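Next come two complexes built around chain A: one with chain B, the other with chain C.
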Partner chain A sequence: MTDNLISTLEDFITTEFLKQPDRELKPDQALISSGLINSLSLVDLALFVEDTYGVQIDDTELNAETFDTLAELASLIKSRNQE
Partner chain B sequence: MTTFVDILKSYYDQDPGRNCVYLQQAGEEDQALTYHDLLCGAAAYADTYKREGVEPDEVVVLILQHGLDLIYAFWGAVLYGAIPSIMPFLTEKLSPERYQADLAALISVTRPTAIVTYPNFEPIVQKALREGDSVRKVISKDEVEPKTSPSFGSLPGYKRQSEDIVLLQHSSGTTGLKKGVALSHQAVLNQLDAYAESILLDPGEDLIVSWLPLYHDMGLVACFLLPILKGVPLVLMSPFDWVRAPYRLLQAVSKYGGTLSWLPNFAYNFCAQKIREQHLEGVDLSSWRGLINCSETVQWESHQKFFEAFQGYGLSYQALQTSYAMAENTFGVTQSRMGNEPALDDIKESVFFEEQVAQPADVEAESIRMMSSGQPIRNTEVRVVDEEGNQVKDRVVGEISLRSDCMLTEYYNRPGITEDAFRDGWYLTGDFGYFADGELYVTGRKKDILIVSGKNIYPQDLEELAYEVHGVHPGRAVAFGVFNEQAGTEDVVMVAESEAQEQDKKWELADKIRRHVTKNSPIALRYVKIVGPKWIIKTSSGKASRLANKEKYLREQK
Partner chain C sequence: MTIHDVIVLIGLSLFLGWVTRKGQRKNLLLLGSSLVFYWLQPSLPLRYLSFWLPTATFFLVILSWVCTSSYQQRWERETIQTAGFMTLIILMVGLTRYLGLGNLFATLYPPRLLRVVVFLLVTLGVIAILLRKETFSNAALWGLFSFFLLLFVILKTPYFAQMASRMWRYVVDQAPGLARAEDIKWLGFSYLTFRILHTIRDRIKGRLSESSLKEYLIYTLFFPAISAGPIDRIGHFLRELPEDQRSFEKDIIQGGRRLVIGLFKKFVVADTLSMIALGPENVSQIQSTGGAWILLYAFTLQIFFDFSGYTDMAIGLARFMNISLPENFNKPYRRQNLTQFWNNWHMTLTKWIRSYFFYPLTRALRSKGTFSVFGVLLITQISTMMLIGLWHGVSLGFVIWGLWHGIGLLVQNRWSTFFKSRLSKLELPSKLDPWLGGVGTFLTFHYVALGWVWFVTPHLSQGWEVMMWLLGVVS
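Moving on to the complex of A and B:
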């Protein structure tokens, strides 16, 4: 489940934000603090997560403290799905 | 003769209980401030500047995030007669080392006496200080004197003259390019009078809603000084909150009956694409009479997208307006006529690119749709001139120049650059445009500068950063902007040469460049293309030609 989640999120980020669908992101690679995902894209990521997994990420949580990597984002989604 | 302090004093004496600012912060209750609150908070800062030995007329740099302290520290400096300058706060993607270097550069040019910041940010500020520089005190917001009623008679700001400098606005860029636009009380007040007329401002009816940062002229002048000094209530939210939840702007307009807002062009697309119905339940935008597009090239398509998205919520098409503005003229140069749609001009594409003339188009397929930025405001004369400075005819593209009673006093401590910016008393803007039927159409820029989501960036700064990456040779990278229709703004593209053959080596290098540029510049670099040796087209003088390389890049992308 986690691997699937990570690869779906990875595809979305590489295709939509980086425009490099073939490239790979490591699960522990910093996304927000590294600037790979810029602030103008954060809202798109939140909308994608909501549409795909039915999980709400509040706008006050859209920062590197809440999640900065694919693995952290995946575990956030998993924990909220169980609630 | 009037100054900011005279005006503040009249509100304080005559209408102290009147609300002036509603401060919004995500996750918190809105906070309403009256003129009494504003002036007591500001007086605490004025007392603090005095205690710390700041002299009136000296510069105070404010490194504070959106919030009460920023507001009080700014107006406190004005009350005290010191010159406030707001610096952008460090963001989570930016490298602290680069931020310190920028701050050190600003200090060396502007020579501030004091810097106001948070206690936990002091160490970063301290590292930017150099032996023998101008800064005598870093003031922590926790050391501020208690709030107090201002005693105007003993406040040095009350004795300032209208021609004295009241504030500085800083442009981005490295040391060589860093310029602090110094504005006098009189210049700002002349601008506010003329601009208020152009938007038919009515303090009894209007309410301004803004998410714009206060270190930028549009946020500072149109959405901070104008409302507070003209007695128009202001709803102020943080740019960080807005970018993560753009619907907050529309909710605030609905909640407070907002009538006026200013936005850079990209924000129209951003709102239209990223706001969902679920966030707009019960939202009513019918009070919005002016939503003014300014600071980036204005796009008719962006207005269409915005209107289509929100017409169901009472938005009037006539509310979508335009303006052309710059810090050197304090703010507004032109403004579209409120209540009317901005003028449109369909021009022949080929004639425009080949002859720099805007000829009305007859065949739709070959035309470009230009949207006017409006007509000059009452106190500003605008002329379009050729390279010799002669005024050109209507519909001929030239450099926009202007003359007004609200111009900058100087680029602070940069007399040479100030002189160079003027010719025969006319300020040369570096922007290209043309007039048709009294309407100004802005077509491009003479200066090699990119405007990305409202931020100004010099491509050479980005290229210098690329050269710092191991594997990129000096002169072997080129940066340029490509207009992104969907986003309504420019994307920055960096092309760098490398001997690397394997795809993963190229990705690795692209990533390094992207990370380094993003961490060390105001923008996030998204598109990096790694090419083979000798790809980049150079001019005869050995410089990379941005336009030629951009065209080559676009051909290869097809």
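Moving on to the complex of A and C:
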């Protein structure tokens, strides 16, 4: 389940934001603090997560402290789905 | 803030750091912060206002807490005790008019005690009425939010500030014709507003951490962060408040180290640079392009050392009291692009603006899907940066500075998006990375430096003149 989640998120980020569909992202690779995805992409990522998984991410949570890697985002989605 | 003020604050922080480990932590932090608010309030030419502004600050903070707290929390015994405690502080400071403590609060000169008592009765009455209200609607909370914004705009707009000064002069029987925009200097209001607005908005969204009145007051008034931030979030600050067993010696060493760095940055480096830094008074003395660049470089470094020095001092003083404040600067001038610069300059302000303005606006525009990526970026980047500019003051110079950075961010975003995939296909050797990074840092530093021209010169014509000198157009 987590692997699928990470893989879907990875595809979305590499295709939509990085424009490099073949690029591989490690689950623990920093996305926000490293500047890999910018603030506009972060909003698009939140909208994608909300539409796809029905999980709400508040604007105050769009920062590296809440999630910075694919693994952290996947874990956030899972924990919110269980609530 | 003078070195004298800082020395007093160091003494107070060390004393509070030591004594609060023995108990009464929250009461003593609140007492210390409240008294510092009165003590640091600048002396004003407007009669009694130096006393009323900190007093009004306390009232506004209590009002915000009442509107954002839960009904159950409001009626806890501690709330009444804290309200009584604040009333006592206001009365005691009011009494300094009669007690011959003029030197302690030399700038205040409180009004007659009867007026203070009447104010307290009225405000306590208002608060008592509001306390009975079970819950506040979102409309009421947005109303409070707008009220703070309005107050902010009045204080930051020279025309309105002058009008407010004139009105106050009518009230206290002073010559209205002498009113100036600079008459009203409200200690800590900018940062206080950001903290309060954050709590109101989070309350509306149902995301606000529960706090007692005492904790809310300490959060908003915490004295090391009054005048130059950083802007902490209430949830993080509350986690720092409880007493723990951390040793005072350790905090003295850590806080002291940070404090010495801050003192050196502010009072040695920044104050020395200020002698040759670009400013409205030396624009007319520029006689060469090289000279103009020296002034600009000096200002560029001065503003960083000054501001980050204050942050270091705030973090150091807070550390003495076993409180960890968030970082505000992280080597901003060494960043390779403008986005990274803004991720590392005045970080707590940019994070605030991003959370409460940029992201909601971007989300709204992206959800509708009617705007292109470029259109969204154009609107959001420019309005966000202009808002940051206006936060410093409502003037054309700050608007242009905001516009300068908004356009810079937009161009940099589109540039990097366009080249990201293309560059990756080229597979450039990795030994080129430091060189490309160096070019990025050089360009970013100079773009930011040129932006300061608009920030520092109050008149457009002066800014333009400096730009011409810098670009070698005037000779």
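Structure notes:
Rule of thumb we're sticking to: the second predicted complex is superposed on the first by the 83 of 83 C-alpha atoms of A that agree within 3 Å, B and C clash if a C-alpha of one lies under 4 Å from a C-alpha of the other, contacts with A are read in each partner's own complex, and residues count from 1 in each chain.
Criterion: a contact is a pair of C-beta atoms (placed from the backbone, for glycine too) under 8 Å apart; a residue touches a chain by one contact, two chains touch by 3 or more.
Given the structure is predicted, the values throughout are model-derived calculations rather than measurements.
Contact with both chain B and chain C is seen for A:V43 once the two complexes are overlaid on the shared chain. If you count the residues of chain A touched by chain B and by chain C, you find the higher number for B.
When the two complexes are overlaid on their common chain A, residue A:D59 makes contact with chain B and with chain C alike.
In the superposition on chain A, no contact is made by A:E72 with either chain B or chain C. With the contact threshold set out at the top, residues 18-20, 23, 35, 38-40, 42-44, 46-47, 59-60, 62-63 of chain A are in contact with chain B in one structure and with chain C in the other. By the touch criterion given at the top, residues 202, 205, 207, 337, 339-340, 343, 351, 354-356, 358-360, 362-363, 366-367, 373, 376-377, 380, 413, 417, 420-421, 424 of chain C touch chain A in their complex. Those residues of chain A lying in contact with chain C across their complex are 18-20, 23, 35, 38-40, 42-44, 46-47, 58-60, 62-63.
Across the complex, chain A meets chain B through its residues 17-20, 23, 32-36, 38-40, 42-44, 46-47, 59-60, 62-64.
Within the complex, the chain B residues that touch chain A are 26-27, 91-93, 240-241, 243-246, 270, 274, 276, 453, 507, 514-515, 518-519, 524-527.
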